[in-house]
Amino acid sequence: MSLKFKPLFDKVLVERVEADDKTAGGLIIPDTAKEKPMQGKVIVVGNGNRNEKGETIPMTVKAGDTVLFGKWAGNEVKIEGKDYLVVKESDIIGIFE
Amino acid sequence: MSLKFKPLFDKVLVERVEADDKTAGGLIIPDTAKEKPMQGKVIVVGNGNRNEKGETIPMTVKAGDTVLFGKWAGNEVKIEGKDYLVVKESDIIGIFE
Amino acid sequence: MSLKFKPLFDKVLVERVEADDKTAGGLIIPDTAKEKPMQGKVIVVGNGNRNEKGETIPMTVKAGDTVLFGKWAGNEVKIEGKDYLVVKESDIIGIFE
Amino acid sequence: MSLKFKPLFDKVLVERVEADDKTAGGLIIPDTAKEKPMQGKVIVVGNGNRNEKGETIPMTVKAGDTVLFGKWAGNEVKIEGKDYLVVKESDIIGIFE
Amino acid sequence: MSLKFKPLFDKVLVERVEADDKTAGGLIIPDTAKEKPMQGKVIVVGNGNRNEKGETIPMTVKAGDTVLFGKWAGNEVKIEGKDYLVVKESDIIGIFE
Amino acid sequence: MSLKFKPLFDKVLVERVEADDKTAGGLIIPDTAKEKPMQGKVIVVGNGNRNEKGETIPMTVKAGDTVLFGKWAGNEVKIEGKDYLVVKESDIIGIFE
Amino acid sequence: MSLKFKPLFDKVLVERVEADDKTAGGLIIPDTAKEKPMQGKVIVVGNGNRNEKGETIPMTVKAGDTVLFGKWAGNEVKIEGKDYLVVKESDIIGIFE
């Protein structure tokens, strides 16, 4: 998929993944645990934050990564009729490998 | 269009774009989603923030970019009878390419 | 006009300008938009902030500039019987050219 | 055990250890002391935070360490049907040796 | 006048000046404008703040300067039976020349 | 005594000392002064905080020191059936020599 | 006097001095001015704060100095049956010479 949107700095565009309760490997979010982190797929990432000298700090997550992030992190956006989240890389808890 | 206004430092003058619900490519803001980010067109940008040494950090967004920013970001201004927003570059979520 | 007052560091002495609703070029502040930024003329500026090394970061705005600043920015002062505002350069949104 | 999850930056995936009240060596959390820190086993750690230059600061805790952390630190996650905590290294009080 | 008191770091000992409503040059504080900044005369200044390296950043204001400062800035002190204010240099708005 | 616990970074494991009201030298905490700092004996210290470059800043307090710290500083922990406090070095007021 | 207590970093052990209303030179604290700063004598000082590199920034106040500090600054301690205050050097307003 090719999206016409590029996040700025350390922001990451994520597509939410509905966790499958029956999958052995992967995060499971039970319905009763409303505040638990959520899983998503990284669609596109910014080029990274800039430090005091104007140098860019490269991103650690990349397009295609399956990531875990806080339920309330980020901003919801709708692009080409589809819902996404834009989260800061620092709000991402970890990557599923 | 040539405007007689230059934002200071990392500020960006933006003209709000009413999202078209029917366009395939581009951000759609449904009427029921009042808190969602908004789309705008960059009219003119500042020269960038200065670091501790007084050096200017160049801007990433430029005039002509279509950008996404938080609904409550920035200050409303009226120049030559038209409404604009002045937002900080760090409040811009991403750029539509 | 020559004023006997010199702001410290990054502070700027500004004379408020009543926006003219009928002028084509220039900021217009409608009476109903009470929270909108205000226009002013820079009378005198400080020498700039100092960084960690004690070096002075030069100012970007200068005496004579017409600037836009937040309605609640700065401190009101009265010098030689006239009202002014002292605002920090970082509270100035942009310059009319 | 090999987990398919890698925490980002200075985050640490921890498996909570139920303290054994009868063990001579090791932390004991009496039932009446609800706010006391908790013991856990480190499963996997991030690569460390990056400084202003983009350099990575190595982690001090490592997989296999038994650590003490604040009761309210971190985020609960469920991976492959099991509960874990993700805590920042700076929220870890100390290591049992 | 010679005072036996030396402010520390960037602090400034100031003697409040009652503004004269009839003076042409100088700040006027009308009775009705209770929150307006106040005028004072600098009696003695500290040696300046120290940066991260322990170096002293020299002061900009000096003894004898007539300064403008926020009404609620500083601490009131009484030395040799007389009232003064100790304000930080960064709380001084500007200098009358 | 040898404890199997090592605090992280600038944290210090302290054993509270009940102040003896009748001792001539040493801190006395009257029963009526509930908020006064408390005395303790340092059992084991971390290796120190790391700066931006990843370098470790050595600790000033060491095992065996009798220290004074704020009554509400630190976290209570129980190790091998005994109560301790973990406090940051920066929360320690001073050392009894 | 020799005290067996050494403050850490930039902390200063101070003995409060009851201001004498009749003394010509020196600070006077009228009974009605409850919030005014207080005078004290420095008994012993820490070695100074450490910067990012671990270097110690030397103290400006020294044992024997008569200092002025905010009424609510510091922690009360009792050593060898006597009341003292521990204040940070940055909370000291100035030195009487």
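Labels for the chains are A, B, C, D, E, F and G, by order of writing; each one numbers its residues from 1.
The rule is short, and it goes like this: a contact is a pair of C-beta atoms (placed from the backbone, for glycine too) under 8 Å apart; a residue touches a chain by one contact, two chains touch by 3 or more.
None of the values given here were measured: they were computed from a predicted structure.
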>> Just to be sure I understand the contacts, which chains border both chain F and chain D?
In response: none
> To lay chain C over its twin chain E by CA atoms, how big a turn is needed, in degrees to the nearest 5?
Replying inline: 50
> Could you state the distance in Å from the CA-based centre of chain A to that of chain D?
Replying inline: 23
> If you average the CA atoms of chain C and of chain G, how far apart do the two points sit, in angstrom?
Replying inline: 42
>> So the centre of each chain is just the mean of its C-alpha atoms; given that, what is the distance between chain A and chain E in Å?
In response: 52
> On chain A, where are the residues touching two or more other chains?
Replying inline: 52
> Considering only which chains touch which, how would you classify the arrangement: line, ring, star, complete or other?
Replying inline: ring
> How do the chains line up around the ring if the path leaves chain B toward chain C?
Replying inline: B, C, E, G, F, D, A
>> Applying the document's contact rule, which stretches of chain F touch chain D when the two form their complex?
In response: 4-9, 11, 13, 46, 50, 52-54, 75-81, 86
>> Looking at the complex, which residues from chain B come into contact with chain A?
In response: 24-30, 33, 36-37, 51-52, 55, 57-58, 60-61, 68, 70, 89-90, 92-97
